[in-house]
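Listed after this line are the structures, all set down as structure tokens.
The same subunit A turns up in both complexes below, where it pairs with subunit B and then with subunit C.
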Partner chain A sequence: MNGRFTLNIFVALVAAFLVFPILAIVPVAFSAQSFIRLPPESWSLRWWGAFFQDASWKLTLVTSLKIATLTTCVSVLAGTAAAFGISRCSPRSRTLLTGLFLGPVMVPTIVLAVAMYSMGRATGMVGTITALVIAHTMLALPFVILNVAVSLDSLDQRFILAASGLGAGSVRIFRTVTFPLVSPGIVGGGIFAFVTSFDEVVLSIFLSGPNVKTLPVRIWEEIRLEYTPVVAVGATLMLLLALIAATMNRISKNK
Partner chain B sequence: MKITSHRFLTTALLSPAILILAVSFLVPLGRLVLISFSSPKGLFYAYSQLFEDEIFATVFLNTTTIAIVVTLLAVVIAYPVAFALTKVSKGWHAILLACVLLPLWISVLVRTFAWMVLLERNGPVNTLLVSSGILEKPISLLFNHASVGIGMLHVLLPYAVLPMYAALVQIEPNLLRASEGLGASRTTTFLKVLLPLSLKGIATAATFTFLLSLGFFVTPALLGGASSLTLSMLIDSFVSDRLNWPLASAASVILLVAALLVVAISKRFIALTSFARVHQ
Partner chain C sequence: MIMSTVKFSSVSKYFGSVCALSQTDLEIRNGEFLTLLGPSGSGKTTLLNICAGYTQPTSGKVLIGDKDITDLPPRLRNMGMVFQSYALFPHLTVKENVSYGLQARKIKPNEISQRVIEILRMMQLEGYENRQIRELSGGQQQRVALARAMVIKPEILLMDEPLGALDRQLRKEVQLEIRRLHLNHPRTTIYVTHDQEEALVMSDRIVVMRQGKIIQSGTGSDLYERPDNTFVARFLGESNLLEGVVSEVTGTVALLDVPGLSKKITGRAAKGLKVGARASALLRPETIQYQSGGIAAVVLETVYLGELIATKLKLSSGHEVWTRRLAGEFNHREGVEVGWDETRVSILPDVSHQQL
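Coming up: the complex of A and B.
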């Protein structure tokens, strides 16, 4: 009984360690002081004003949202198609393709970043939206493919046989049976792709330019330069978006 | 006729993803390897420069040491959490699982910034330590090995919990009851039943955390001091400060080979797809 109690206390402490520290940034965003201190001595919305009145901060938020949306579209389209393609392959090529598509997950991000930065410099792509979308798509693609592949694997083949037996053609089967049944996997992959792009820092640091800069890159720069509570406003916005995405993912899974 | 059109559709479905992977991953990595051999002073000049450099040796050792320590801590701390997930009631299970999964959604940058706020000289952790009498006056908790370790552990723990939970949840509960019913002590049951049956999960968790910690960049760069330089920070300085591409590429290739070595060794006992499945 005693051992059980110790275990519960330990696990509760670890859970608290995982969740509570993240919330530390929120009160800082509502500080009235000009420096970062927790807890703030007095409260205000001045740093929220500073964030939204500063065109350059606002632009990074818009850029991040734009890049995340484009990344989601590209990786969902290419990833879903690839998952269907893989399911039509022989087991041997399946293993090979899965290994290939998982490649970016296994390579350290800094290596990917330096490789893409060097390539981007050679082709004049550094500091373009296209370069960032391609880089983020590379990171998001494995998760979309796996998500869709899992729904495809669990698809009951008898539904397709039934539809075919009832006289439906292959296009109609795809539209009315296969697609609706794998769509939760596609939605889950899409949400994850959006967050992967919106959260990404390392590749973005290397591929951003003066005109195209994502919110995390601006936060990263500002932490090392000014370190004022406006950083906490940016971080709180990122936290908020991540929580919305996690909730949406939860809802889509429960449906 | 039928077979060719089947092949054609499969190729058409796969080609967009393969094209993206080619321009973003395969070609850039291939170029990086070539650049690492492109020093004007000879094919292997960049590599020999690195191997003779004392700083590189120190940083490499530093990175591996941090990775090993953080991996060990993560596995030891995460195991009881994974075990608890298989034991608690349904309601607590949902809450605990949410605590483990939620951090995965939040950017490493945001989480690292939170630790900067918490650990600074006038921050809440120092205040707590002083007011409880553990410390006489606030000390610098940031920019050392410990702050890097805490920040990394915070990011890596979920990656350690999930594979071990996946392994533990498959263990037949009757085996544990049988062991206890036959008079084995808790320790014996753990050592002779639970531990051997969850070894695969432990191996997967250790591989994840070790692989990820080898390439950590943001956390050590913000929470670490000059003494906790990691390989990724060194590569960044080769590119950004010294503009030495052969050197940066050679160091990247070494990090890449180290990562692939870890994957190759672990592939013998864990499934490749579990690397990414953890996110679901």
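Coming up: the complex of A and C.
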């Protein structure tokens, strides 16, 4: 019993250690003071007002959402197609291709950022939404491929045999059996892709320009100039979005 | 009248150098319920999958009537398949599962719903149309799988151990249900199982398989009363096998010299029995009875089975045999004298001593 009690304390401490710094940012966003202090002495929504009245903050939020949405679309389409392709390969080329697709996640992000930046400079694409979408897709694609591949692997081949035995051709089988059964994996991969793009900083710092800037980049720039709770508002918004994504992921898995 | 006979002509299947099915010839008559019976690895499922088109044979041909379907893909074969784990589409309702094959055949929606209602009524699944598959019991899922396979009016019905997941009581009920259904609407059916009881209850004909080969085929009573060898004898029903040497074969009768027994055992001579060869006498448990002046025996063990009592006897020769008699006949007597009905004894070549 004593050991169990100690274990519970330990687990609670680890959980607090992991979660507390993240949650600490939330009260700051509701502070009435002009600087970040924990806990805030009085409460207000003034920094939320400041955030949403400032066109440049709003623009970065919209840019982030736009880039994340585009990244999700591109990586879901390409990643799903890639996962289906890989599943039909021989075991050897399957290992090879999976390794290739997972490459960007293994390479240190800063290396990737420098490489992307020099490519962007050469093509004049730095500071464009296209460049950011391409860069984010490189990081998001593996999550989609992995999620869809897991769903495909766990798909019982007998469903396919049963459908073909009942007279369905390959297009019908894909539409009525394979796709619906794999779709939770596609949705899960899409959510991962969205979150990956939405909170990506390193590549975004390198590829952002004066007109195209994502929310995390703006937060990073802001905090170096002014240490005000408006930064906490931005961070809280990001936290909220991550929470929504995690909940959606749970719902789609349980369905 | 469609002639839905199935003919396997010199069909074989190798996976690399591993033989799953040796060259096999088999014909299934129109409307016949044929069971492929054998242990795992006997090639029975391979043969079924070749018929369904899920497995391409290494050699040989499959014919329906006189049409060669060897290279026809499964979707063009018009066969209904019931899988071992049913393979019901988990994301579709009962109705959607059952109508799947009809939709694939582009049948008009109102005819589809009519046929689905009809088959669900036949399967006693009325009111379950909109249920999800996971909400159904094993027995209900089994009936949905059968309905999905039958609603397309297949020429051939194929079933791969469809009752394996059901408990014993339910399995017995479903066996009789399938049998009744077959007698009312005879349809060429190939049924795969390793359960001898299932095979005996449902089949018009049973094909016993082992290691990729057909060992014997015939009706249930053919196989039970007149097995060709000890493998079939062991696989169908309980058997006592007394080993010895064949001393005489005259026509259909053989004499077996069993060490320890003063009298040679007389019985029906199975195919391929040779004088001087090792063989076994098959004594079914129900043929051994109390007989004064017979062979002396000691009761070792009795097992109460309800209407029957199984008794393990040790003969004076040292052989141990099981009997099955109506309750009360041996009555825990320590010493008894037993004999058997000679007309029901078979002398069988022993398969474990020869390459099959």
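FYI, the second predicted complex is superposed on the first by the 251 of 255 C-alpha atoms of A that agree within 3 Å, B and C clash if a C-alpha of one lies under 4 Å from a C-alpha of the other, contacts with A are read in each partner's own complex, and residues count from 1 in each chain.
Basically, a contact is a pair of C-beta atoms (placed from the backbone, for glycine too) under 8 Å apart; a residue touches a chain by one contact, two chains touch by 3 or more.
As the structure is a prediction and not an experimental result, all values here were calculated from the model.
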{"item": "Clash or fit (per the criteria above) of subunit B with subunit C on subunit A", "value": "fit"}
{"item": "More subunit A residues in contact [subunit B versus subunit C]", "value": "B"}
{"item": "Touched partner set for A:V114, first subunit B, second subunit C, both or neither", "value": "first"}
{"item": "First (subunit B), second (subunit C), both or neither touched by A:F159", "value": "second"}
{"item": "Contacts of A:P91 with subunit B and subunit C, given as first, second, both or neither", "value": "neither"}
{"item": "Touching partner for A:L102 - first (subunit B), second (subunit C), both, neither", "value": "first"}
{"item": "Subunit B versus subunit C as contact partner of A:P180, first or second or both or neither", "value": "second"}
{"item": "Spatial angle subunit C-subunit A-subunit B, Cα centroids [nearest 10 degrees]", "value": "90"}
{"item": "Touched partner set for A:V195, first subunit B, second subunit C, both or neither", "value": "first"}
{"item": "Which superposed partner A:N8 touches (first subunit B, second subunit C, both, neither)", "value": "first"}
{"item": "First, second, both or neither for A:G169, with subunit B first and subunit C second", "value": "second"}
{"item": "Least Cα gap, in Å, left between subunit B and subunit C after the two complexes are fitted on chain A", "value": "13"}
{"item": "Shared subunit A contacts, counted only where both subunit B and subunit C touch the same residue", "value": "none"}
{"item": "Touching residues on subunit C, where the partner in the complex is subunit A", "value": "52-54, 73-81, 83, 85, 87-91, 100-101, 104-105, 148, 152"}
{"item": "Residues on subunit A engaged by subunit C in the complex (per definition of touch)", "value": "156, 158-159, 161-169, 172, 176-177, 180-181"}
{"item": "Touching residues (chain side subunit B, partner subunit A) in the complex", "value": "6, 9-14, 16-18, 20-21, 23-25, 27-29, 31-32, 35, 77-78, 80-81, 83-84, 95-96, 99-103, 105-111, 113-118, 120, 122-124, 154, 157-158, 186, 211, 214-215, 217-218, 222, 231-232, 235-236, 239, 245, 248-249, 252, 255-256, 259-260, 263, 272-273, 275-277, 279-280"}
{"item": "Contact set on subunit A toward subunit B in their complex", "value": "3, 7-8, 10-11, 14-15, 17-19, 21-25, 28, 36-39, 74, 77-79, 81-82, 84-86, 88-89, 97-112, 114-119, 122, 134-135, 137-138, 141-143, 145-147, 150, 188, 192, 195, 198-202, 206, 216, 219-220, 223-224, 231-232, 235, 238-239, 242-243, 245-246"}
